[in-house]
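So, here come the structures, one by one.
Next, two complexes with chain A in common: one pairs it with chain B, the other with chain C.
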Partner chain A sequence: MTTMTSAPPTRAATKDDHPVAHAAVARRRRKVEGIYYAFLLPSLILFTLAITVPAVIGIFFSFTNSIGFGDWEFVGLINYVAMFSDPAILQSYLFTFGFAAVTVVIVNVLAFLLAVGLTSRIKLKTGLRAVFVIPMVVSGIIIAYVFNFLFSNSLPIFGQQVGIGWLSESILANPDLAWTAIVLVTAWQAIPGTLLIYIAGLLSIPGDVYEAADIDGAAKRQQLLRITLPLVAGYVVINVILGFKNFLNAYDVIVGLTNGGPGTATRSIPMTIVTGFTGGDYAYQMANAAMFFVIVVVVSVVQLRLTRGRNEL
Partner chain B sequence: MLRSHRGGLVVAALAGLLAVSTTLSGCTAAGGRQEVRFYLSKPEAIPYFNELIAEYNSTHDDVRVTLDSSSNLQAGFLRGNPPDLGLLNYNMEMARFMERGALSDLSDMPEADRILPEVQDLVDQYATYPGRTSVLPYSVMAASVIYNKQIFEEQGLEVPETYDELIDVCDALTEAGITPFYATFKDPWTVAQGWFDYTVGGEVDVADFFAQLNELGTEVGPTSPVSFEKTFSEPVDRMQQLIGDYSNLDAASKGYGDGNLAFAKGEAAMYLQGPWAFGEIAKTDPDLDLGTFPLPMTDDPEDLEVRVNIDLAAWIPEASQSKEAAREFLSYLFQKDVMDAYNAAQLGYGTTTDSAPVTDERILGMKEYYDRADFYQGPSKAIPLTIPTENYMQAIALGGQADDTLRTLDADWARLALRQ
Partner chain C sequence: MSVQPALIAEGIDAAATLENSRARRASNRGRIGNERSSWPLTIVLILAAVTVIVPLYVTVSMAFKTQAQAVDGNAFSLPAPFSLDGFITAWTLTDFPKAFLVSVLVTAGSVAGTVVLGALASFAISRNWDRRLFRWSFFYLLAAMFIPFPVVALPQVQLTGLAGLDNPVGVTILHIMFQLSFSILLFTAFLRSIPAELEESARIDGATTWQTFWKLIFPLLAPMSATVGIFAFLASWNDYMMPSLITSDPGLQTLPVVQAIFQTQFSNNYNVSFASYLMAMAPAIVVYLFTQRWVMEGVTQGAVKG
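And now, the complex of A and B:
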């Protein structure tokens, strides 16, 4: 690649001297690039048509009073102004970011510990790995409905028999506790994917590093903190950024568990945005979506910047 | 500069979409017979109308009616390719299509003259389009308190007609160890449909309230003459009282399905649901003796009213390519015996001056009120979906601050008025 990009000045200088050689270089160069572009083209077309164009149209309509069809006119920034004074939207931001922050910590701590356990010398390693990955293959909405049943029926019966007050009623019906149920189910579903990435990371650490540490007399705990953790730092960054982004988009699990309730205690930003389509508030929720997009980009960039130093092994 | 560039992109993209949609709609007119795409989304009604369509197609050589029960209406209208005839639930969301002139005028059809004026009025409560009758009601669902006749008889109780009588009935039931109301707060819609709509509708003139609220627009708030906080405060307080004193303790963890099962097993005497629940209850106990009565919220029996909704209404879009054929099929559907058979099977009330009276024991209790037009459309249905009314009501039912929530509703209403 480096020789390719430094080619043009040389080519200009030798243009008249070696026309044949120049033509050969140019042909080879064009050929290689063409193939790469061909690889990119299908994704580029699909991405543009299915994501970029609709996004731009959506942002355009956020400056109008459109309800999704029929006549509309420009209303300037009214939707954005109204948004910032809307407690429903502000509350959904608060809930979503709080939920994502808590979940991302829980998921990464648990997945990392599990990965350490599953890559050490234990019995039934393969079988256990399969067990822990099963939640990944079940769709979110199905998981949510199964847990919904457990929370609404099985757990309260258990709570009543043991005599625990707060457990004898469905925690999904408790505005102060419903979010914990959502964190729990989301974590249960998200841990396998995170776990797999950590396992890959742990397996990529060469064994001789540990051998050297053993010879130097490092305890297991020291090895974990001083060797394992720094060497998988890149994987932690990936998991945290991807996880946080995914949890901000929380939708199906919440719909299946609480549907935003009780009251509006667990309404996430994507759920609020979807009401714009069903409720004839298209332009307004497009403004919300545009805002959400900007915030997610900013958060991701900040996360990348903060962790850049540890991004490479 | 940036904006105009984006605008250009959008125009180009929209033009592309339009080009595609016109070629698509061109296809439907091709072939020897004219196509009428008939949109019907109510699952229970599909077998009945499928039979009608088959019969119609076999007797008409020039027209072919096809059933569409799955396409997205909003997208259809957006692309200029809506169904040719719609027969579905009429509510705020459908009203938006009519308000923006997307539905054609049907006032010249003889069927329009047969519709009961007070039922046609229900359509106008959501929205109107000047000079047009764009929507013809086909079937109305009336809903009120469902009660277990056997329990009432065993306890020697009469159907209550005033709020005090209702409290007496509830006290008597509680004393006998029977739960008066079975509530299912896990499903927010059941709170809005039953508890909220019945208590508010029993006391407030719903249509008039929303007419005033629409007029006020951004003015709605603590100082406006009517507001959710001011007007709904009393009925919502009573709703909380009935819930707190007389409903099952585990209501917060119970959903609609649980409610039907429990009520069918006789676990409570009253159930705030609509006639759609009868079929579900019958799955558990087909012989249960059930009746209905309007929830009394005042001390005057004259104030009793039942909650109604337009379960099915017909319309023909302006953008339809085969309006004439669609109108002919509409006339076919609006024949007296076709309508009567449908309403009898689905426990609906007729919408025309000549429709047969209802006979089913379970909904007979609402007949006198329906005949007198003592009915209202649910207040929860008159608030745009973008405001999470059902969730708000769920919060109140679970013991939240009613006044705070109603004030939030006022603020939401004013904000919506500002931007639309």
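And now, the complex of A and C:
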């Protein structure tokens, strides 16, 4: 169980834990063969040029008043300060975090229940699993276009026939409801990945645990809550963190459904950052991006701490 | 974006459940012996699966309708009469062959680059773990998992423009770089499971490191490469945000990006737009159908094969 609750990356990363490190002790003092550098350097150089350098340049310009070209000068923290009183920025943070929180709950509950179902003794197990994974392989923007058609054409016709007022018009054009469509399509796409992780978790629980519970007379529902759920807690942590981080980065699906509208009601943080090209506020949006980056990292760390602490209780 | 959780799942498998594999197999046997198949549960799951099928069914049925039938707003009716007009119009309207070719090249480059660069770097890192440079490189390359594309999008667009890489080549390089951390995570975990004796015997037979890698290690990595490759394929083929921002020439856009044409012009030619969506989606679904063993096994079994 301890192996499961600890995050895999850090686990692989601890020096003492690394089998290679043990082997390495035996061959200390050796010289590293030059070809190993040749194996590693292409990745290091490309990575530095493609990600590190842009990140550093971006942070640098976030302290300037650059509009993306031409002259600029340092303005200190003005961009960062201005963000806190900018309704457009605040709204995109509120929307993005609210959307991510709701979606993460829905996706995890549904994916967990489906995973329990798909690991039970059922007919057509292979076929059903294959179907449930399909949304993972479909392009986000294209499926969003498909759902866009359903929400703005088919659903209103249905609403008119049944006589439900709010359903008679496209929910994508309704500032209060457009976000529900985005949650729905994002969840549709995100459930398969989450589901597969839960299936892996459920399959790692030894069968004898359930046998013992059966002998003790535990009901199936009790087994699910008292045995299954605690034993896959590590997988819940992973799914919640990854899901939340993914949903904060929502872009493709929103572009395909509402393009941030109506107005700016469903504009996510990444969409706001990208307006830095067109709005002439390159440096300002770079400050936004830097802030977003810090928040993403902090959220991951806090979530990891919180959920881990609870597991140990 | 949606592909990433699955990749991490393999991280879990590779790093944490290696030792659980025996227990897991036992658990399967245990449960199979104890219970009979449940039909009610199967029916509930089939109903749930319908929610997956409906949007795909709508896409296919709309694509084969005539324009007159497509505009009536009934998405669920079957095509009557059956028509290929949508496909014919979409083919020329989106310049499908060109967009398809660009998508194929970007995706192929991303897959090859992710697998080869990832495997090479992982091999160097795991065999020189005692050296600081290699150890630090591991964490450095993994740090990309904390840097989503939107964070660096603005400067990347500027820099690719300056470097003359505001084209599919630049998109390919960036796709590789954003996939690299995951592939290195998986490859290094897998490389640890390869017994050192195997490599030593190759060296005793006189193989150089270069030969050892290509003749021994890389073939052994094949199952991981397959998984890494498939996830790189899906991420690259389905991506919209990066090509739409990086590639400046609209004539060199990938399939997901060219679909935007139906949001502005031709917005009522539903049979045409859905035919176009179907042509863009189908390759990924077909690849999935043929590789689902790898997609799912990669996630659920990961390193067990080692």
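Keep this in mind: the second predicted complex is superposed on the first by the 261 of 313 C-alpha atoms of A that agree within 3 Å, B and C clash if a C-alpha of one lies under 4 Å from a C-alpha of the other, contacts with A are read in each partner's own complex, and residues count from 1 in each chain.
Keep this in mind: a residue touches a chain if its C-beta (ideal position, glycine included) is under 8 Å from a C-beta of that chain, and two chains touch if they have at least 3 such contacts.
Computed from a prediction, not measured in an experiment: that's the story for all the values here.
Mind working out whether A:150 is in touch with chain B, chain C, both or neither, as first, second, both or neither?
Second partner only.
So, does A:193 touch the first partner chain B, the second partner chain C, both, or neither?
A:193 sits against chain C, while chain B stays out of touch.
Taking the superposition on A as described, I'd like to know which of chain B and chain C A:176 touches: first, second, both or neither.
In the superposition, A:176 contacts neither chain B nor chain C.
Which partner does A:68 reach: the first (chain B), the second (chain C), both, or neither?
After superposing on A, A:68 lies in contact with both chain B and chain C.
Applying the touch criterion given at the start, work out whether A:139 contacts chain B, chain C, both or neither, answering first, second, both or neither.
In the superposed model, A:139 contacts chain C only, not chain B.
Taking the superposition as given, does A:85 touch the first partner, chain B, the second, chain C, both, or neither?
A:85 sits against chain B, while chain C stays out of touch.
Check whether chain B or chain C contacts more residues of chain A in the superposed model.
C
In the superposed arrangement, does A:277 touch chain B (first), chain C (second), both or neither?
It touches chain B and chain C both.
On the A-aligned overlay, A:261 touches which partner chain: chain B = first, chain C = second, or both, or neither?
first
Do any residues of chain A touch both chain B and chain C, and if so, which are they?
In chain A, residues 53, 57, 68, 153, 259, 276-277, 285 are touched by chain B and also by chain C.
Quick one: in the complex, what on chain A touches chain B?
53, 56-57, 59-60, 63, 65, 67-71, 75, 78-79, 82, 85-88, 152-153, 156, 169-170, 172-175, 259-265, 267, 275-281, 283-285
Quick check on the complex: what are the chain A residues that touch chain C?
Against chain C, the touching part of chain A is residues 3-4, 6, 8-9, 11-13, 15, 18-21, 23-25, 27-28, 32-33, 35-37, 39-40, 42-44, 46-47, 50-51, 53-55, 57-58, 61, 68, 114, 117-118, 120-124, 128-143, 145-147, 149-150, 153-154, 157, 188-190, 192-194, 196-197, 199-200, 203-208, 210-211, 214, 234-235, 238-239, 242-243, 245-246, 248-249, 251-252, 255-256, 259, 269-270, 273-274, 276-277, 282, 285-286, 289-290, 292-293, 296-297, 300.
State the interface residues of chain B toward chain A in the complex, per the touch definition above.
For chain B paired with chain A, touching residues are 3, 6-7, 9-10, 13-14, 74, 77-78, 92-93, 96-97, 100-102, 185-186, 188, 250, 252-255, 384-388, 391-392, 394-395, 398, 400, 405, 408, 411-412, 415-416, 418-420.
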